[in-house]
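Note that the chains are named A, B, C and D in the order they appear, and that numbering of residues resets to 1 at the start of each chain.
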Amino acid sequence: MTILAADVTLPDNAGYVVAAYLVFLVLLLIYVAIMATKLSRFERELTELNELADKERTAA
Amino acid sequence: MGDAPAIELAGLVRRYGERTALDDVSVALPAGATLVVFGPNGAGKSTLLRVLATLLRPQGGTAHVLGEALPRDAWKVRGRIGLLGHEPLLHRDLSARENLRFHARLHGVAFERIDALLEQVGLRLRADEPIRELSRGMVQRVAACRTVLHEPDVLLLDEPTANLDPAAADALEPLVGRTSGRTRVVTSHDPARGLAEADVVLGLRGGRAELSGSATEAEVRELYR
Amino acid sequence: MYGTRLRAFSLATLVTLTGGFALAAFYAPEDADQGFMQKILYLHVPLAIVALCGFVFGAVCAIQHLRTGESRWDLRSYVAIHMSLIFGAGVLVTGSIWARASWGHWWVWDEPTLVSFLIVFLLYATYQPLRFSIEDRDKQARYASVFAITAGAFVPLNFLAVRLAQSYTHPRVFATTDGGLEPRMKVAFYACLLGMALLYATLWKYEMASKNTSAQIKALRRRLAGDEVPAPRRSAAPTLESA
Amino acid sequence: MTRAVNAVLRRDLRIETRTPQVVPGMALFAVSAFVVFHFALQQRSVEGNLAAGVLWVTLLLAAVLGIARQFVADREEGGFEGFLLAPVDRTALLVAKAASLFLFLVALEIVAVPAFLVMLLGPSPVEFWRLLLALLLADLGIAFVGTLVGALAVQSRARDLLVPLLALPLLIPLLIGAVKLSAPVFGGPAAAARWPWVLALYDLVFGLVAYAVFDFLLED
């Protein structure tokens, strides 16, 4: 039965440990991905604003 | 009280999130006088009254009501002002008398005054009916009773006679009209009638004071253009 | 400015967290009862402690916000709770994996710390819906702060009640961090805890810097668009006053 | 302070007696829930921990209904503003609202507890005072937390959704204490002596928290 899983030897349990650390890694990577989208949005917006500023200067 | 103005605003600013509802509004009103505020819908009239009523904090500039600075001394001002707005601030399931008793308890006013006021506005016989069974004009009369229940020094009236027929509007006059002898701030959409009762005029558009002090009817009409 | 010292924070996090995990893997001995899988402790418990401290930090910022009325404190509180929620998700998943490894079930109700954590997590999960359902910015910020303070007070009470309610049937490795762990385990554990705290701080700074940047860009856009930009305004879902 | 508490409390009770909504709604819900439990559990009667659980879950959910209605009249009919315009301490609103919620809960329990004893409970109750103590302490806690949650949620668009989402997790410690304390009444395991104190601590903490933060929910 599964209750006895605690007695199982190392190789079986190692999977769970690795899985737990993987979860942590995945969460971090998701965060990196979210930050990446934000960063690219900032870049796009700043480029756009820069062009806008250039136009204003030539107009003035 | 001396010569200190009853209401004094200097550079008043109030925002709702992104939108600026009042922008750099200044005005002074002597005690016992009437200030009429004109302006199209959304110009900031109601916001102005809510700031004066201590319901909204000013976010810039200074506001003094009855010599007390808002919002710091707001608690000293409460109880000396009466607000009559679009909402009657009455519970629909309770009768006029029960509603007024609630406010009388809050303000520490004796119940005898309730009967006197209801008599004065001719609602004594209907005082025990739930508010929801009264007509719009009657509700507004009860709301006027609520406004003056605690003998406020300053009245803040947000289009008190809007949607009322002339007879109903006249019934409010002795309580909250010019003859009540109180300092009054009234908002209005009606240039002729508004100017007739105004000692001081304030014209708002987009939160800014376009007219201040005195104005002609033509100038007021220009606000709505 | 929240970007300052961000690099130092990132490096410190990198060093301590990898160092901590390395200690946990190679230096700390295996647990006598639980064997290798006890190694989850070095991940799960620091995560949980840091997440809870983050919630408390959010409550402290919320108190500051109500006292001063400055929107930057609201932003700090928001970001703290936001990060703690992410960490909390990690806690629940790793805790569940540990329960599976050690007792054979994905979820056990007689592990009071984990159960308490679930309740706290459920409560805080309402934080964002609450914010989004209040339109007026000032009011939203104020109500969110009231929530953060209430929930902050709830955290210890909840742990107390849940712990008292449980019978101690299972061997508990980490409830007695001071007494139960042998010295080498302790070293590894505290290294991991420090690393995790640094990670939280770093991510918090990242998020603050990002929110600040987005507020600055918005302000710049307004300036360039030529509208008369009124003096400081409060802007989108909680961001800074774009000064 | 007493003057304002008195005014608000009287008004709330008057509204409820004039057009009864909250208390009958909660009571009806509780009785319906007992019927639902009967069929869902497929049992003629319950006892012990199960009985305590059924009773407290029902009371808690009924309380959530009451919490959601608590400030609706104030918001829709200008009760907030009417109160804020008066020269009174704003804490009075918290006290009055908590008191009225407390009274509504007592009224609910006067109906729901006998209904539970008759409809679902198997063994006859022993040491009934334990249940009364649990009800008293829990009602106090629900009154504070409920007033806070009600005021928090009433300004939001998703009020009906937020109230249970906020209130249920917050009330879990209280539920634990109440169930532990009242289980012996229905033939459950004996309760440790500490549970009344845990409940009292809960009441104290949330009473203080509500007192500290309530003002900020009223400003505009």
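Quick note on the criterion: contacts are C-beta pairs under 8 Å (C-beta built on N, C-alpha and C of every residue); 3 or more make two chains touch, one makes a residue touch a chain.
Predicted model only: the values in this text are computed from it and were never measured.
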{"item": "Length of the shortest touching-chain route, subunit A through to subunit C", "value": "1"}
{"item": "Farthest-lying chain, centroid of Cα atoms versus that of subunit A", "value": "B"}
{"item": "Inter-chain centre distance, subunit C versus subunit D - centres from mean C-alpha coordinates, in Å", "value": "31"}
{"item": "Cα-centroid distance, subunit A relative to subunit B, in whole angstrom", "value": "55"}
{"item": "Subunit B and subunit D: spacing of chain centres that average the CA atoms, whole Å", "value": "39"}
{"item": "Subunit A and subunit D: spacing of chain centres that average the CA atoms, whole Å", "value": "43"}
{"item": "Residues of subunit C whose C-beta touches two or more other chains", "value": "135"}
{"item": "In subunit D, residues with contacts to at least two other chains", "value": "219-220"}
{"item": "Sites on subunit B touched by subunit D in the complex", "value": "50, 53-57, 75-76, 78-79, 81, 83, 87-94, 98, 102-103, 105-108, 130, 146"}
{"item": "Complex interface listing, subunit C residues touching subunit A", "value": "21, 34-37, 39-40, 43-44, 47, 86, 89-90, 93-94, 97-98, 100-105, 203, 206, 210, 213-214, 217, 220-221, 224-225"}
{"item": "Subunit C-facing residues of subunit D, complex", "value": "148, 152-153, 155-159, 161-162, 165-166, 169-170, 172-174, 176-177, 180, 192, 194-195, 198, 201-202, 205-206, 209, 212-213, 216-217, 219-220"}
{"item": "Interface residues, subunit C side, partner subunit D - complex", "value": "66, 119-120, 122-123, 125-126, 129-130, 133-135, 139, 142-143, 145-147, 149-151, 153-154, 157-158, 160-162, 164-165"}
{"item": "Complex interface listing, subunit D residues touching subunit B", "value": "3-4, 6-8, 10-11, 14-15, 18-19, 73, 77-79, 81-88, 219-220"}
